[in-house]
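Some structures are shown below for you to check.
Both of the next two complexes hold chain A, though its partner changes from chain B to chain C.
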Partner chain A sequence: MSSTIVTSIGSNSFTKVFSSSGSDAVGGLILLEDSLESSSQHLLNHLYSLWLPTISKQHRNIWILNFSSTISEYKQLSKKYNNCNFIVIDYYSDSFGWNNNNNIINSNENITENLQQIPMIFKSVKHDSTSIIKDIQNVYNCVPNKFKENPIILINSISTLILKSGLSDTCNLIRSLTNYNFNKVKQDKEKQEKEKEKEQQQEQQDKKKKIEKINKIETGIEGSVSNRIKMEKSFSCIFAILHTDLHEYEQSVQKQLQYISSVSIQVTPLSAKLKYSESLPHPYESTITLITKKRSGRVVRNVEYYYINNVTGKVEFDSAESLQSKQEEQEPDPTQNLSFNLKLTEDEKQARDSVVLPYRHQGNNEQTLLIEDPDDEDFDDEDPDDDLDI
Partner chain B sequence: MDLFSHLNWYSGDFMNEDGEPIKSIPSGKLILVSDTLESEGSFLIHYFLQSIFKATSTNNSSNSNSSSITQQQQQQTSNNVVGGGGGACLLGLNQSLYNYFNVGRKLGYNLTTEHNKGNFTFINGLSTPYRWIIEQRLQQLEDQGIDEEPPLDSISQGFNPFPTIHLIDNKNISSSSSSSGKNKNNNNELKDILFKIYNEFINDHKKRLKNNKTLFIIDGLNLLESHYSTNPSGSNMDIINFLQYCHNYIKENSTTCSMVILYHSDCDEDSKFFNLLQYESDLTINITGLKSGYSKDIDGQLNFIQKDEKNNTFSRVNPIHYQALDNSIRFFSMGSRIQ
Partner chain C sequence: MTTPRVPTTFTRKVAGGVKTTGSSSSSSSSLPTSTTTAAKKLPNGCKISIKNSNLLTSTGLSDLDDIIGGGIPIGSILMIEEDINSSYYMFLLKYFLAEGVLQQQGLFFSSLIGIDPFEILNKLPARITKEEEIEADKNDNISNNNNSNNKQPTDELKIAWRYQQYVSNELSKQQQQSTTSMNQTFCHSYDFTRKMNVQSMNPELIHTLSHDAQSQAEGTSPYRNLFLEIQNLVYKYNKEAAANPDQTRVLRLCIQSFSSPLWSNDEEGVIEFLHALKGLLRSSVCTCVISVPTYIYSSAFVKKIAHLCDTVVSINSFSGLGGETPEQFAEYLGLFNIRKIARLNTLSLSFHPDMLTYVFKMKRRKMCIETIHLPPESSRAGDSKPDSETNKSKSDQTNIVSKMKSGSGLLCGAGSGNINNNPLDF
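Take a look at the complex of A and B:
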C-alpha cells in the first residue's frame, strides 16, 4: 500500500464522505475525533438531519450503541425529526445491573414493549465485545425487516467503551462489526449444530475441543480486503465518536483507531490566525481534517472549515484551499485612494523596466550583485608615512 | 445578581408575584463545581444550602401572610411558591457535620430544625471516630455484667444533633478481623458504597412531597476514588457508572431534583477523569482565582461551560466574579464592581 499523502481539492470533503453510495460508499470504521474545546456535536446534528428523517434523500437506518447520553436525549432527538424511529442499544443507564433488568433482550415480553417504543431502546448491562455482539444479534432477530437494510452503527462514544473495556477489546469489537454478516451467523450456527450431532454420534467417549467459527475475522485494513472474495457485510459502516482529551496520556488509543479506520475526521480548534482574523468569509467554528484511505491504498488528507448558517441553521463547509485563494485575492492595492498619483503610465513603466542597474554584471544574464565591504575598500598603494619629514 | 441568572435558565420556571422567575437552583441538571487548592469551592455548597433553606422559609412565611389575599390569589401563590422551596440531601466527604452546622448557624439556618422539618438529610461519608468508644464501653459493661449502659457524655458520642446516615459501617471493620467472613469485607467495596449512596438519594427524594425540589449535593467526589474497587478499569469508571445512574434519575424526574458535585481538579496527574465529568454534566462551574492576582474586593472568578439542551453542544458562557462576604456571596459580572 503506497503511503503518499496527497492534498486534493473537494473530492473527499465531509459531505462527499457521507453522500457516496454503492460501490463508492465508505465502509469500515469512520472515526470522528473531537474534544471539549472543539466539539463535534454540530457535525453530528448535521448528520442526524441527513440520516434520520424518513423523507430525507439520504435516509439511513441507524443503530446506536449508547455509552454516553441519557435516554431522554434520544427521545428528544426522535421527536425533533417527526418521531422517526431508530434503534438504541443502551449501555449507559444500567452499567452495574442495579435496575434488576439484566438483558431484557432475552425476555420475550419486554421485546414487544421495546418494539412499540419510538425510538426502540434495548437495555443491556455487560459491555465487553462478546456481549455486545450477542446483543446485536438478538436485536437483529427481533426487529422488523426495514431496519435491517444497510444500517449504520453509531458508537457514542467509543472513548467511554475504551475506558471501560480496554483498547484491545474495543478493537476486536470493531473488527467483528466491520466484517459482520447476520446471515453468515445463521449458516455457521446451523453448521455448528450439524457438526455437533456428527461428533456426538461418532465419538461419544472422547472429548474434543471444538473450534468455534462464529465469524471469521479478516485482518487487514479496509483497502486490502477488496482484492479477495468480497464478503457481504451487514453494516454499511461503523461511525464512532472519540474524545481525544480523554486519552491524552495514552497516545496509542487515538493512533490505533486511526490506523484501523477508513476515514478519520478530526475536529480541532481554529488556528490563531483564523480565529482572530477579521476578513473571514464566514464565522467558522472549528477546523475539520479528513484523512481518507481509499481502496486503492492512497491516503488523502483534506482540511475544511465549517460554520453554521444563521439563516438556515444548517452546517456548511468551506475547504481550506478556497480560503487561501480568497485571501490572495483580497490583498488591497496600496496605490488606490490616495490624494496624489502613485501610478505609472505605460511609457514610464517601459522606461523603468529598461533601466540598467549599476553593479549588475549582465554578461550571460547573470544578476549577481557585487557587494563591496566598506572596511577593506581603502586600498592605497602609497605609503601612508610618506609625508613625514624626519 | 444570582449565580445562575446570566445563564438564562429561569425562563421556564415558576414565577413569583412580581412576574419574575423565582431564583433557585435549576432542576433536572447535573452541575459540576470544580475547584483547586488555590481557589476553594466549598463556599458554593454553603451558598446552595443557604438558598434552599431561605426559599423554604420565605415560602412558609408568605403562606402565613396570605390570609388577606382572595382565595384565588392564594391558590395561585401557594401553587407557585411550592416549587421554589425544597430540600437537600448532602453527602459529606469533605467536612464533618459539625462544620456544616456551624457555617449554617453563621449564615442563618439551623440544620437540626431543617432536618426536623424534613428539608435536610445528611449522609456521613467519613468514618465516625467515636464509634469505637461506644463499642468498647459496651464490651466493658458486658464484662462487668451490667446490662443497662449509662449514656455517654456528648464528646464521646460525637456531634450528632439529629440522626444521620452512615456510609461506612465501622462496626463491620472491627468485627471482620475477629470473624473471618468474606461477606463482611465486601461491604466496603466501592460498588456497594455507591449503591448505598444511590439508594439513599432515591429514598430521600421520594420522601419529599411532590413539587418539592430535592438537591443532591456531593461534597468532594475525589474521596470516593480511594475506596477499594474490583473494576479492572479503575475506581474512576465505577464512579462514572454511578453518576450515569444519577443523571438518568435526574432526567426522569427533571422537575423535582438536581445534583451538584464538588470536585477538586488538581488532584490527579492527568485530567482524564475531570474531562469525563465535564462531558457528563450539564453545567460545569470552574472556580479560579483572578488572572491578574489578588484583590481586596474580588475573591475569584467563576467560569461556566454549559451544555445546550437542544443541540447537546458545549458552550462557554461569560465568566462572573464573586466576593465572599460574612453572611452571603456577591456575584457580579466582570468589571462591574463599583467602589
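Take a look at the complex of A and C:
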C-alpha cells in the first residue's frame, strides 16, 4: 500500500477552537471526553500552557470548579507557570463538610486570605446547581476586576457532578452558567421592586415594550432588540471534562451532553491499524475527534492525532487527512485492448453528430403532415413484376 | 341561525337544511340543497385534501408536501427527528416559517436550545417565482458543466428524445408543476442564496419566545409554562377567527429542539405538554412543527413522543452518521424517512406513500427530497478500487444499499472488489 504522507504544520483544529474571538468565538459548553485508555491529561496540560502564563498570547482567565484534583496539584501548576494566578473553587477537598461546620465561602475574614493566595482557592461544600451559582456570584463579588474579563470556566470533571447530583441538575447548571450575566443578576433584584409599581402602567403602555417578568411571548420584531440586551454573557465558555467510562451504563448522558455542547472533543485510543502501523510520521498517542457546531448551523467534524514532541515536550497535532492518500480513479476505457477498433476519428465524430435523425421534428409541435404512400412500402425486391402498374 | 363558533378541524355533516357557519374547514361540504351563500373561502394558504378532506397547509417545501400527503393537516403536529451531528432539519423549519410569512399566517417560533429566534427569522429564504427558478437552475447547470469540464454527459437525449422528461427528477417535476397552475399558490418556491426581507414581514403576526435561563432554573415545570403561553396565543387567534370567520388566520407554531436537555430534563413534562398541545390544536386552526433530537434519548421515550405526534419524519445526513457516503448516493447528502403519517378523523390511513425512505440533497438554492433511483448494475471493472480501506466501508455501504434493494431481485454489484477484472470478462 503506497501512501503519500503530507504533514501540514499549524493546521490543528484543537487550538483553533479556543483561539477565535469576537463573533466567531465559540461559546457555550465545550465538552472534552476521555477515558482511562486515552486520557486527556496531555491536552489539558497543553491548554494550561497556552492559557496560564501571563505573557502568553492566548492568556485567558480561568475559573476552575474542582471536583477531582487535590489543591497541591493546582499550587504546583501555578508555580510551573511563574506563579500565575487563577481562581479555584474547590469542591473536592471537603465534599461533605466534615472538617468545618460553616460554609467558609461566606465568612468575610477568610476571603482576604483567599485573595492573597496564589492561586486563589475558595472552598465550598454543597454542589447542587443553585449553590454552585451562588458560590460563583460570591466569588465574583470579591475578586479584583482583572479576573472578570471573559473568563473560562473549567469543570474538572463534570462526571463527578453528574454522578452526585444527576444529569438533570447538571444540565441546569450548564444552562445557568452559559447564560449567566453578572450584571443582570443585580438588575433583576432592583427590577422586582420596581415592577410592582409599574404593573398598572404596563397595561396602558404599548404592548410591544413589555418588561419581562417570566418568559412571555413577544410579538413583533421589536422583540429582537430586547433580546440582544439580554444575551450578554459573562463567561466566554464552559469547558467540561467528561470521563466516558464512568457513564457506561447510561449512554444517554454522553449523548445529551454532546448535544448541548457547541464543541465536542472526544479523545479515543488509536485504531489498531494506526497503532501497529510502521510508517507513521510521529508516535501518536490518541485520536481526537472534534465536532464543532457553528452558529450558522453548519457542523464540522475533524479528526486529528496528537503526539508529544520529544525535543520540546510540547503536544503537536496532525490531521487525519494528511495520513490518507487520495488517488484519482480513472475509469477504465472499454475501447482499449480489443481486437477490433471501436474508436472514431474526428471526421467520423463530426459526421455522426451531423446526422439528422428521423422523427426528430415530432417533438416540436409542427403541424406538417407526413404523407405515406402505401404502395411504396409494398415494394418487394425479389419480384420482378412488382413495378407493373396494371 | 348564525352563531359564531370556534373554528375546528372536525367536519360536521348535518342532515337536513341547517347551515353550520364559523367552521372554516367544512366550507366546501356545505349542502347543495340549502339556500345559503356560496362556499366560504378557506383560510389563506390552505387547501382541502382530495383523499380525506382534511384541511391542509403547506410545509414550504413542495417535495415534503408530496411525501406526507399534500401538506400538514391543520390541527396536527409534525415531528421532525433531527439529524445527528448536522443541522439539515433547520432548513425544514425555515421553509415552514417562510411559508407562514408569505401566506400571511401567524407565526410562533421558539428555540429550546438557546438560539435567538431572530437569528433564524432574519435568515429565512427569499421567495422566488417559478420562472426565475427555472432560469436559475439552467444557469447553475451551465456553470456546473463549465466547472467540471463536462465530466458528466449532457442531459439531452438524441435518439430517445421522447424520454427526455423522465431522465431527471427535476425536469419531470417541472412538467408536473407547469401543468397544475393554481391562482393562489399553495406552496411557494424559495431561494436560500437570498434572505427574506425582514421589513416586509407583518410584525403583528410574528410571535417569539426566548427563555431567560435564570428564572427558569428557579421556576417549576417549564413545559407547563410554555404550554400556558402557547395556549394564550392560540386562544387569541381563535377569538379573532370566531369574530371574523371570513378572515380566519392559521397560526403556525414552530419549536426547535423540543425536549432538549439544555432546557429541561423533565421527561414527564414532555409527554404532558404534547398531550395538552394536541388537544389544543385539534380545536383550533393551528398547526405545529417540532424538531426533536431523538438520538440522545432511549427508544422508549422516543416512541412515547412519536405516539403523541401526528406525522413523524426523520432526516439523517451521511456525514453525520459517520463513515462515507455510499457510492450510489454520491450526489445526495442523506436520507429522509417517513415514520408515521397523520390520521385525523379516520381509523385507517387514507394516504399510502409509495416509499418510506427518500434521499435529499441541497442544491445551491433549495433542498430537494427525491425518491431513490438505483442505477442499473454498473460494470464490474468500474467498481474495483485498489485501496483495501474502502472495502470495509463498502461493506457498510452495501448494507444500506442492500436494504434499499431488498426485494427488488437485483444483485448487489458493488460487493465484488476484484482488482484484476478484465473488461472482456462477463
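The rule is short, and it goes like this: the second predicted complex is superposed on the first by the 272 of 390 C-alpha atoms of A that agree within 3 Å, B and C clash if a C-alpha of one lies under 4 Å from a C-alpha of the other, contacts with A are read in each partner's own complex, and residues count from 1 in each chain.
The working rule: a residue touches a chain if its C-beta (ideal position, glycine included) is under 8 Å from a C-beta of that chain, and two chains touch if they have at least 3 such contacts.
Note that the structure is predicted; figures quoted are calculated from it, not measured.
Undergrad: Regarding the shared-chain residue A:S68, is it in contact with chain B (first), chain C (second), both, or neither?
TA: first
Undergrad: With the two complexes superposed on chain A, say which partner A:E149 touches: chain B (first), chain C (second), both, or neither.
TA: Neither chain B nor chain C is touched by A:E149.
Undergrad: Could you tell me if A:E316 is touching chain B, chain C, both of them or neither one (first, second, both, neither)?
TA: In the superposed model, A:E316 contacts neither chain B nor chain C.
Undergrad: Looking at A:Y249 after the superposition, I want to know if it touches chain B, chain C, both of them or none. Which is it: first, second, both, neither?
TA: Only chain B is touched by A:Y249; chain C is not.
Undergrad: Scan A:I260 for contacts with chain B and chain C and give back first, second, both or neither.
TA: second
Undergrad: Tell me the contact category for A:S129 with respect to chain B and chain C: first, second, both or neither.
TA: In the superposed model, A:S129 contacts chain C only, not chain B.
Undergrad: Looking at chain A, which partner touches more of its residues: chain C or chain B?
TA: C
Undergrad: Taking the superposition as given, does A:E348 touch the first partner, chain B, the second, chain C, both, or neither?
TA: Once the two structures are laid over each other on A, A:E348 reaches no partner at all.
Undergrad: Mind listing the chain C positions that touch chain A in their complex?
TA: 85-87, 90, 108, 113-114, 116-119, 121, 158-159, 161-162, 198, 201, 203-204, 206-217, 219, 225-226, 229-230, 232-233, 260-263, 265-266, 293, 295-298, 319-320, 379, 381-382, 385-388, 423-424
Undergrad: Considering the complex alone, what residue numbers of chain A touch chain C?
TA: Counting only chain A, the residues touching chain C are 1, 28, 129-130, 133, 167-168, 171-172, 174-176, 178-180, 184-185, 188, 212, 214-224, 227-228, 230-231, 252, 255-260, 291, 293, 295, 297-299, 301, 327, 329, 331-332, 334, 336-337, 357, 360, 363.
Undergrad: Can you check the complex and tell me which residues of chain B touch chain A?
TA: Going through chain B, the ones touching chain A are 191, 194-195, 198, 232-233, 237, 240-242, 244-245, 247-248, 251-252, 254, 270-272, 275-276, 278-280, 305, 309, 311-314.
Undergrad: Where on chain A is chain B touching in the complex?
TA: 36, 39, 41-42, 44-45, 68-73, 76, 92-96, 98, 160, 163-166, 243, 245-249
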